[in-house]
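These notes open a run of structures that come right after.
Both complexes shown next keep subunit A, but they swap its partner, so subunit B is in the first and subunit C is in the second.
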Partner chain A sequence: MRGPVFMICLLCGTVVASLIFGQSSLSIATLWEGMTTGTGPGALMINTIRGPRVVTAFGAGAVLGLSGALFQALFRNPLAAPDIMGFTSGAGLAIIIAVAFGINAPMPLVAAIGGLVAAGCVGLITHQKGHVPAPLTLILVGLGVGFFSSALSTFLLTLLAHNEAAEAQRWLTGSLAARDWSHATQVWIIGGVLTAVSLGQMRNLAALELGPDLAAGLGLRVGAARWLLSGTAVLLAATGVAVAGPVPFVALMAGPMGIRMTGAQSLTSKMLSGAGAGALVLMLADLAARAALPGIQLPAGVMTGILGAPYLLWRLSREMKRGEL
Partner chain B sequence: MSLTTVDLSLGYDDQNVIEGLNLTFEKGQMVSILGPNGCGKSTLLKAMARLQKPSAGQVVLDSVDINTRDTRALAREMAILPQAPLAPEGISVADLVKRGRTPWRGFLSPWRDEDAKACHDALAAVQMQDLAERPINELSGGQRQRAWIALVLAQNAPLLLLDEPTTFLDLVHQIEVLSLLRKRNKETGLTVISVLHDLNLAARYSDQLVLLGHQRLVAAGTPDQVLTAANLSDAFGLKARVDPDPVTNTPMVIPL
Partner chain C sequence: MRFAGIVILLIIAVALALAVGARSIPPRIFLEALTHYDQTDPAHVTVAAIRMPRLFAGLIAGAALGVAGTVMQAITRNPLADPGILGVNSGAAFALLLGTTLLGRSDQAMVALLTFPGAAIASIIVFALGGGLRGDVGPVRLTLAGAALNALLLSLVTALVLVRQDSLEVFRFWVAGSLTQATTRPLMEMAMVASVGGLAALAIAPQIEALSLGSALSRGLGTRPGRVQAGALAVVTLTTGAAVAVAGPIAFLGLMVPPLARLIVGHWLRMELIVSAILGATILLFADVLGRVVMAPSEVRAGIMTALLGGPVFLWVARRLRPGAQS
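Moving on, here comes the complex of A and B:
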């Protein structure tokens, strides 16, 4: 049952299910009619209501998943992910700052700056001359930076008008409500470029996985290669945050989950599996958030939280048993 | 080709572990670096592989300071196997060995015949063709070490540096590793410089020995010149008798 085909089938199935189900459900026939003729309630669903939202969730989940898989391979630690290390919270904070102070700049750019600043803070705090910081140190410091960003974001909500604050609060949880095609194209285009950039660094990552000394012996400029990979992964995560908010745990769960589902061996296919699993998790979380409770639309981030927090605890206990923590 | 250290000083945080070291390693030889724990053997090896910047002096390969050279170009001339390399989870021996080709492959360039040949030869040299598809974490310690050696052999550099390649192995596997390095050295002229602990094995398998004491060189030369009772007392504070090994006639250290 495992393999890339399995993953692709699941993704297709989830897209269809996401279009069909919601507060009101469609029949497959209506959806088919909308797709083929471009008229009727099916077409309305695809073009305006659920279509852009599902495509955005797909893209945002994929970039978050890829970002997580990159960090996990780079730091050789399943807990290393942009949501655990505070980078997504940093990107979220930057967007809240922009909204609160009326800064009119493109959201992906603002999120990217926020993510990079958060990553820079983690890098500076953990910096020791001549030593590469241990992954666990990075994760713990990142956790702190993340908490600080989230707290500051919540604080800044008080500066917003009442209805704006409610909207922003929802977004900070991670939400795909009211996404249109501009969000979808944005995350797919920027995400596509960044995916290509990260896949171009797979040989560097393959060498870095062997440890810094062997990587250097293989002719890699270790410091530069690590920064370039981390930077790309931060930008990927920020691209997802710009359209879906700092949804928790998608990046954390996607990598290991994707590898399990596809049985990927090579680094490139491991990374793509992470992207696929991220898309799957975010689309399913959004579907569950929309359809679970009649009359209530939850933010997708609530669902990834309910799913992700137990996963994190399980992972922690497993790492402790293996003596890695 | 030769690798030379010129007035080389090495240290961490203003504290030098080695000072003013002048050594020459000739091409095609098998050399072992010996000395007590904490004398800076591994630090010296790292500096010779440009993994650690000297606090003073130079490491010179073919009359050029290695720290001024392009690191990728240098990786085609020298390979290093550090003491505890990390194996990615679930990786097969073949995939691990492939990564040794890193310095020869351009950005996005495809896998070429010569890459495949280098990996094949490396696996053959460590006699692991049959285990190529096995995940490395399922192998025994000795097999795993041979896989790592295959990786650095696939790098196809004429100079190979190894940091304690036999440390966690039992005697049989220690001999296995040293014999295969010796064989490669004789067959292809590969220069092998390793940090070793076992004095008697080092004497058996080396053309030259470098014996370090605390912060200084005690002796360098052939095993017969280096492994003397006086030098051992000087480097380790060890009282020992040195007799010829009844099998190989190389010096054999018998602690008193």
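Moving on, here comes the complex of A and C:
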């Protein structure tokens, strides 16, 4: 029961389930009718309410998952993920800054700048002449950058009016409520381009996985290749944050989960499995968050937090048993 | 001399905490309020009803968190240990929120007692899963365990707030503590609990130091590691629980204070604890005053200010640790 087909089936099933279930459930017949004839409650659901939301969740989860898988491969550490290392918090902070000071710029651009600045900070702080920083140093400093970005975001919330602050707080948790087709197209187009860019760098990633010395021996410019890959991965994460907010732990969980589900061997298929698992996690989290309690729609980030935190703790105890931490 | 220096700093912080605010009060009026209290004079009422409780809350929470951070860093041999980062604050605050929102109890003194089991459970979880009591564990694991616990509780609180349609105020309390609610907090009781914790810390300080020599050597010196660790957890629980009960979760104070204390007194845990308590109170009062000024007329919560100050300290320490090299 493993393999790419298994994952594709799961993804399709989750999409259908996400369209059917919610605060009010549809029957498959209604959904089918809406899809084929374009009329009735099924069509309304697909076209305006759940459709764009599910497609956005799919795209955002996929870019976050791919970003996580890239970082984990690049730093050869399952704990290296953009949400652990503060890049998603940085992207979230940039958006809060834009909202607080009324800067009118496209969200993906703002998020990308925030993510890149956070990554630049981690890079600068850990920079040592002639040394490649150890992954654990990067993770630790990244955590610190994340703490600081969150503190700044909270600080800026003080500037906002009461209802605006409540909205921003909800957004900072990571939510897919009220997404329309513009969000969906945005994350799919930008995400698609960035996915192509990152898959184009798989040869470099494969060389880097052998370790910096061997990679340099193979004629790779290690520093440049690392920066390019990290930059792409940060942009991928920022693309997800721009439409879904800084949802925690999706990027962290997706990589290992995807590989386990598809049994992927080659680097490219590992990356795609990570993207698939990310999409799966975010769609399921969103579904659970909006359908679990009658009358109440929780943000998806609450669910990924409740799922992801125990995963992180489990991962820590495993890494410790293997003596890697 | 350095010791005199930090006492002077504390006095300055106390003076500022009393003087600065929406209504600035000159020292002369303040002394008058103490000697000839006139309850028709609004300035006197401000001093007695608002500034004094707030000052005491700051002193209690700051000193308690300074002690908590010092004990945590000593017992885990991890310079990134802090009640906020490791999720002990969150555990205590979560228990408090559950008490106030779920049980619907509003008598603060009773509810505040919930912070202690909350802090105890959180510290046991984070130390057990993060391997905090095995000093040979790198700092990444413990910090990540704390981050995971914080994230989990944050998600639960977000769900709780949204489910119960509570106001953003509950959330603000959760995200960062402040001294503004001082008048409604059980200050006297918590001052006593925090003092007990502080005295216990002073009592077990030599054993903690012995433990840091390594468990074999410390056993040879007659220390029982299990007992010392349990004692340290009890200290952390008492001090953090008291701090959260008076001020809510205040992060990064316990991180910043111990390295400063070591700069001043060197490696001598008893002295370090005393200096940490003083410095903790001083920094928290400064943070509170800064929060009143920086965006006046609205106030920034003291916990946000300490997080803004503490973030760079965290980065500075983390950068120097080079965890990859040691583990």
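Simple rule for what comes next: the second predicted complex is superposed on the first by the 325 of 325 C-alpha atoms of A that agree within 3 Å, B and C clash if a C-alpha of one lies under 4 Å from a C-alpha of the other, contacts with A are read in each partner's own complex, and residues count from 1 in each chain.
Keep in mind that, in the parts below, a residue touches a chain if its C-beta (ideal position, glycine included) is under 8 Å from a C-beta of that chain, and two chains touch if they have at least 3 such contacts.
Since this is a predicted model, take the numbers as computed values, not measurements.
Asker: On the A-aligned overlay, A:265 touches which partner chain: subunit B = first, subunit C = second, or both, or neither?
Answerer: first
Asker: Just subunit B (first), just subunit C (second), both, or neither: which does A:221 touch?
Answerer: The first partner, subunit B, only.
Asker: Could you say whether A:141 touches subunit B, subunit C, both of them, or neither, answering first, second, both or neither?
Answerer: After superposition on chain A, A:141 lies in contact with subunit C alone.
Asker: By the touch definition at the top of the document, which applies to A:200: first (subunit B), second (subunit C), both, or neither?
Answerer: It touches subunit B, and subunit C stays clear.
Asker: Using the touch definition from the top, say if A:28 reaches subunit B (first), subunit C (second), both or neither.
Answerer: So A:28 meets neither subunit B nor subunit C here.
Asker: Let me test your reading of the model: by the given contact rule, A:76 touches which partner, first (subunit B), second (subunit C), both or neither?
Answerer: The first partner, subunit B, only.
Asker: Of the partners subunit B and subunit C, which touch A:213 in the superposed model: first, second, both, neither?
Answerer: In the superposed model, A:213 contacts subunit B only, not subunit C.
Asker: Comparing subunit B against subunit C, which has contacts with more of the residues in subunit A?
Answerer: C
Asker: Show me the residue ranges of subunit A that touch subunit C in the complex, using the header's touch definition.
Answerer: The touching residues are 79, 84, 125-126, 133-137, 139-141, 143-145, 147-148, 150-152, 154-155, 158-159, 162, 165-166, 169-170, 173, 248-249, 293, 296, 298-299, 301-306, 308-310, 312-313, 316-317, 319-320, 325.
Asker: Help me check something: in the complex, which residues belonging to subunit C touch subunit A?
Answerer: Counting only subunit C, the residues touching subunit A are 80, 85, 129-131, 137-141, 143-145, 147-149, 151-152, 154-156, 158-159, 162-163, 168, 171, 175-176, 251-252, 295, 298-301, 304, 307-308, 310-312, 314-315, 318-319, 321-325, 327.
Asker: Once bound in the complex, which stretches of subunit B touch subunit A?
Answerer: Subunit B residues touching subunit A: 12, 46, 49-51, 71-76, 78-82, 84-88, 90, 92, 95, 99-100, 102-103, 105, 107-108, 152, 155.
Asker: State the interface residues of subunit A toward subunit B in the complex, per the touch definition above.
Answerer: Interface residues on the subunit A side: 73, 76, 130, 200, 203, 206-207, 209-211, 213-214, 216-221, 265-266.
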